[in-house]
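You will see chain A twice below: alongside chain B first, and alongside chain C after that.
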Partner chain A sequence: MKTRLLFLCLLTAYTLLFTGGCWDQGELEELALVQAIGIDYLPQEKKFEVTTSIIRPGELGAGGMEGGIEGDAEPMRLITTRGKTLSGAMEQQNAFLSRRAYYAHNDVVIVGEKLASQGMHLILDRLTRERDTRLTLNVFVTGDNVKEFLRGGSRLEISLPQEIRQMKLRTNQRSLRGEANLLDFIRNLLQSGQDPYLPVVEMREETPTSPREAEIGETGKDGKRENEVNGENINGEKEESTENKVGYPKMYGTAVFREDRLAGFLDGYETKGLLYVEESLIDSRETINDPEGKPGEIVLITIDNSSRILTEVVNGKPRITVKIEEEGDICCQTSATNLFTPENFRRMEQSKEEVIKGYVKDVLEKTRKWETDIFGFGNKIKQNHPGYWEDLEKGEWREEIYPKLEVEIQVESNIRRTGLIERPPFYEYYQ
Partner chain B sequence: MQTVKISTYQAATLLTITMLATSILLVPSNVASEAGRDAWLSFILGTLLGMLTALLAAALAQKHGNAGFHAIAEKVMGSLPGKLLGLLYLAFYLLLTASLIREFASFMATAFMPLTPISVFVLLFTVSCICTAYLGLEVIARLSEIVLPVIVFFLLLILFLQSDQYELSALLPLLRTPPENILRGAFVFWGWSGQVFFLLLLYPYLEKPGQALKASLIAVSIVGFFLTAGAFSLETVLQYPLTERTVFALLAFVRLINLTGFLLERVDAVVIVIWVAGAFVKASFMLHITSISLAQVFGVTESRHFLLPLAALNSALSIFLFESSKELETFIHFLWPIITLFFLVLIPFLLYFLSFPASKRSSAPGNKGGGQQ
Partner chain C sequence: MRVEKIANRQFLYITVIMLATVVFSTLPVLTTGNARQDAWASGLLAFAGVALFVNVIVGLGVHFPRCSVVQVSRKLLGNAAGGLVSLIILWSFLHLASLEVRIYAEMIIGGFLTETPLVFVVGAMIMVAVAAAYAGIEVIGRLVDLFFPLLIAMFLVSFFSLLFEAKFINLQPVLARGLGPVLESSYNTIAYSSYLMVLGILIPHLTRPRKATASAFWGAAVAAFILVITAVLTVAVLGPEEGFRSVFPFFRSLRAIRVTEFLERTELLVIFAWGFSLFVALSTFIYCGGRGVAQLFNLKDYRPILLPMGVIWVALSVHSSPDMFEFRGLYLSYVFGAYGLFLVLFPYVFLWGGYLFRKMTGQNPEEERGEEKSAER
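Our next item is the complex of A and B:
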């Protein structure tokens, strides 16, 4: 019995050795939780500029939903450092921190336009090698100044990083921005015959308008609480132009890459073309003209869509057929026409097909100019006609074949439901 | 000693863990770097080769009345050459155990606890293994019986959780990798599926030696299934160039699990469970094998006395053998299959070959064995 007890004690002590975490033990109060990283490149100095947005521990939980707007202090601490490499710049951050910077709970990375044009390979290694970042990281491109962007405020969530994260997470509506995370980016980049893309975020300055924000804005005039209005303006710099204005994030459009370098931006409408082909569109609304040519418009929702890319090689020339099938409802009508005839339905479906075809053609035209194959037509050719693909020289697809590639776009639209009313109740007034 | 008996099921679970434990983590990326997109085919071929190895082991045992490997070696080659061969095998077991311990430590340090010195992992791990090995084969077998369902459950879980991410078209174009590369991939995996040969060391302890072949074939099939399914999912989720560029492809795969944002994510601990549990059973088993083989070669009855010095030797070797984790990976990728196949396929095959005329003429087995030396 006694030996057994002794053994049990020894076993417990021994297990404690395992479970303590050894040298890597880390307590929550020793960590600075990074919520967003902004990275940009300074071409003249050849340096990276890294801005991290870190939760201020006092605000964590205590402030709740109102922390960002009402709390006594800003919810986030911003730190900007520079270095020859991304890791080097991140190391510099420690000079400003009383805790260990912890990146594992960060899933927002904002990449500046200059860095994206310089090449994403400069940061991709750091984002995949160390164990504190995951491939599910959300990466965004911004045309704005990254540092200024992270100073922006949030309207619905606690802080800007939270707001961006929620915007990206939203799964019930997606029609205006590209859908890709770090893994998608890397996969598309490494796959020959495909180029990657990323969603775009930008900042829009607004005068705070909700009663609460306006009130704070007023008290802000005495200079003391002004920083709160300006969100995470940690340097305490008083910028005249933004006295009453706050930057708010906006996720809109797609950044298109040629290999790992930024080639250009697609706006929200062009992005729809990409999303239709990628099958990742949810709840999109397309405006078409009245089927009988009368004044006014009709708006149709796309609820469900699917697409297929068919390939064939005829006489050594590749041909692509994109088949898009989608279905949805009628969302709104501003004309007086009675839509509920078979002919009008067919006409509406046809006009919707034309609109969608137009989106895809716009993207195709732009990407042909940029020589980047974001649809992955080359990848499909490689999969289905490997013999043909292996005979191509490096870069031949992107530079010579893709810009002149024969692409046929077939769209099949179906209007399924009409909403809660049939003819517009006030149709007399639309004439 | 001879009263120790394990059931067929236990033999199967023990062999499964022996093969599965270490291969599931490092081997997928090694095979992918050989066979690329067609890695799953390499795994199927490797599984078939593993089954051949199991057949060889069973045939060798049947020829010699279900004796253990070292007894067979002494019987076929004569006493002294047999013992010398046994010593050679001891070195092989030591190398296997040492590299296994180092793999464990290296994985923990790389993926989870980079600040902790590697010797801490080695020490804590070896101490637990000594405890288990001290209690003998029966306990190890029972342990494997408990651990294997856990490993299988978690492996199925992670394959299932990612099932919505599978992009089957990523497997295309099929079979564009040169056949020799696919074979090389199969060869790399054979270094693990060939370890089913340890069945031959279990023979004297089996309750029903007649079912040993069945147990080993089941074990190889389970391992083959998981590695093939694993390769399949890695190719369709991480996709080809990335699979060969990650060190621990399975870990990279599990780190992707992210169900609807926040419901279920960061399940890396699952990999630790699979890996630690598996490596623990395997290391205990190997330590036990080493000690009983040592006892057999030197004709000592009590093998337990060897455990402590052997474990110390293993820990020291595991640290001194490899300078860096890259060296370990290169060793496992290029050297290990050759070493394993030399010991677990080539020499047993020669023994089998040599035992043929010996049994037919039923005379002068030492003569042939002497010629071989």
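Our next item is the complex of A and C:
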């Protein structure tokens, strides 16, 4: 009995000794939590430039409690280093850190245009091999200077990385950008007959709402940005330049790749074409002309959408049919037409079909020029006609067949509801 | 000395765990060979192969419900030849168990505890396994009763969470390149039936030894079911190419998903499940090894040799290969496939040969039902 008791005591002591961890223990206050990584390539030096955005623990904690940025300093620490490889550049960061850089909580990777056109293979291996990154990582491409981008401020969330992360998570499917994370990118890249794409972020300068914010974003002022911001196409207005402008992030458009190299950008409207085919769009608003040709427009929402890609090979030539089915409501009318006749309903549906077809055709046209198959038509052919696919030579699909591929786009629109009112509240309507 | 007894149900659970542990974590149907998106078909084929080996291994054992395979081989082939044949079986326990614990340690060190020495992880696992084997097979049986529902629950939760990201279109085209690649990929998995040789030692400890084949068969079926679902979901989530490139594909596919914002990192479940089942597998291995050695050398008790065996085992596991490259080389189809099949076929060809020879020459090799002979020793 006594020996048994002694044994139990020893066992408990042993467990206590080792469950705390010996070699790999890590305390939270020993870690520098990286929130965003920006990576770009410098073609002249042939070097990577890595910028990490790290939480400054005191600042963020205090600010978060009071529901805003209350500290006097920035919530994030930015470190920029260079190296021959991504890993090498990341190692250099240690020279600036009092804590161990911890990448497992990082969710945002921003890739510069130069790196993306050089080829994503330069960083993909590092991002997938080491245990500190996950395939759920959100990767973005930016045309702006990566280093300057990460210096931007945030409007709704506590810091820029948080803002980007929440934009990606919360506005999912309501957005005008390609929906893809690292896993989707790799899956599309490795699939033969399919090319990957990534969402685009860019910087847009605005006058901050309070002078305090201007101080916080002050670091963003120095250093001239390389690319001019071209993000004004939504409302078209350019704000007046004042001293205290701060950059704020904007997620808009799609970066299209040819294999792992950047081929070009799609803007928000073209991205809709991609999203309709990928079935990942809801709450999209399409503007059409009045069905009777009167002045004014009608806006229709897409509530639900589904699509199918049908393939057939006729006489050794592939043919693709894209079938998109969507349904939605009327959300706005500025014309004075009575919409509630069967003819007008059908006309509206037809015009909406034309608009959606136009989006898809735009993307198709562009990607044919770039020789990149982001819809994955080739992959569909491979799945449905493996024999035909085996006979193709390497590169033949992308360079010869896809640009001339016969694609039929069929859209079926259904307008289901009218919103809360039937007729617009103008007096002309009754005349 | 009383013969320790486990229920046939517990025997079935042990069979599932022996087969599923390494197979679901390294997923050889996907990572070896060329089946790619048809990995599930390889899983089904592998089940056919494993079912055959269940009949070879357990089918012989049920004719001798009171003897372990070591005693059977002496009975059938005589003392010297029988001893040599059973040495091969005992060697396979030692080596397969050392490989299994090494894979687990490599995953732990590669994925979580980078700075922890290999010998510590391996040693810790083997120490608890020795402790469990010291307590005897009845204790291991009750342990399995406890763990198995947990294990299944963990599998179900991880399968369910994978469904959120699964794109089943990745499984197409189905069997487009014929059965060749599928066969090639199932080869390695069939070789895992060498793990089932422990059942030869366990048969005399069953409450109903004559029903052992059915139990083992259903165990293999459950394991195959788990394997097929794992393969399907891994391919659906990662895509066949990325899955093929991974060291631990199932684990990786779980790392690649986010169920919701507050439910992520579900791979922990699989690590726990793997740890549990590895513990059961290792204790079964060392228990059977200890029993077998004791019977071979006519020892009274198997317990005193467990600790020395554990030390040899740790050393073998750590020193069997210096790095992951060499270790992965061992698991290539044409290495492990051939090795595993040899481990089963070589002893059992002799054993079945001896059995059939005795049967044909009219000496009844089977035990008589009423014969009172202890399975101990």
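In this section, the second predicted complex is superposed on the first by the 379 of 431 C-alpha atoms of A that agree within 3 Å, B and C clash if a C-alpha of one lies under 4 Å from a C-alpha of the other, contacts with A are read in each partner's own complex, and residues count from 1 in each chain.
What we mean here is this: a residue touches a chain if its C-beta (ideal position, glycine included) is under 8 Å from a C-beta of that chain, and two chains touch if they have at least 3 such contacts.
Given the structure is predicted, the values throughout are model-derived calculations rather than measurements.
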{"item": "Chain C versus chain B on the shared chain A, clash or fit after superposition", "value": "clash"}
{"item": "Touched partner set for A:187, first chain B, second chain C, both or neither", "value": "both"}
{"item": "Chain B versus chain C, judged by how many residues of chain A each one touches", "value": "B"}
{"item": "Which superposed partner A:386 touches (first chain B, second chain C, both, neither)", "value": "both"}
{"item": "Contacts of A:134 with chain B and chain C, given as first, second, both or neither", "value": "both"}
{"item": "Touching partner for A:171 - first (chain B), second (chain C), both, neither", "value": "first"}
{"item": "Which superposed partner A:14 touches (first chain B, second chain C, both, neither)", "value": "first"}
{"item": "Chain B and chain C footprints on chain A, overlapping residues", "value": "18, 22-24, 131, 134-136, 169, 183, 186-187, 190-191, 382-384, 386"}
{"item": "Chain C residues touching chain A - in the complex, by the definition given at the top", "value": "110-117, 120, 124, 165, 167, 169-170, 172-173, 176-177, 237-239, 241-242, 252, 255-258, 261, 264"}
{"item": "Residue ranges of chain A in contact with chain B within the complex", "value": "14, 17-18, 21-24, 131, 134-136, 169, 171, 183, 186-187, 190-191, 380, 382-384, 386, 389-390"}
{"item": "For the chain B and chain A complex, residues of the former touching the latter", "value": "110-117, 120, 124, 127, 169, 172-173, 176, 238-242, 252, 255-256, 258, 260-261, 265"}
{"item": "Contacting residues of chain A [partner chain C, same complex]", "value": "18, 22-24, 131, 134-136, 169, 183, 186-187, 190-191, 382-384, 386-387"}
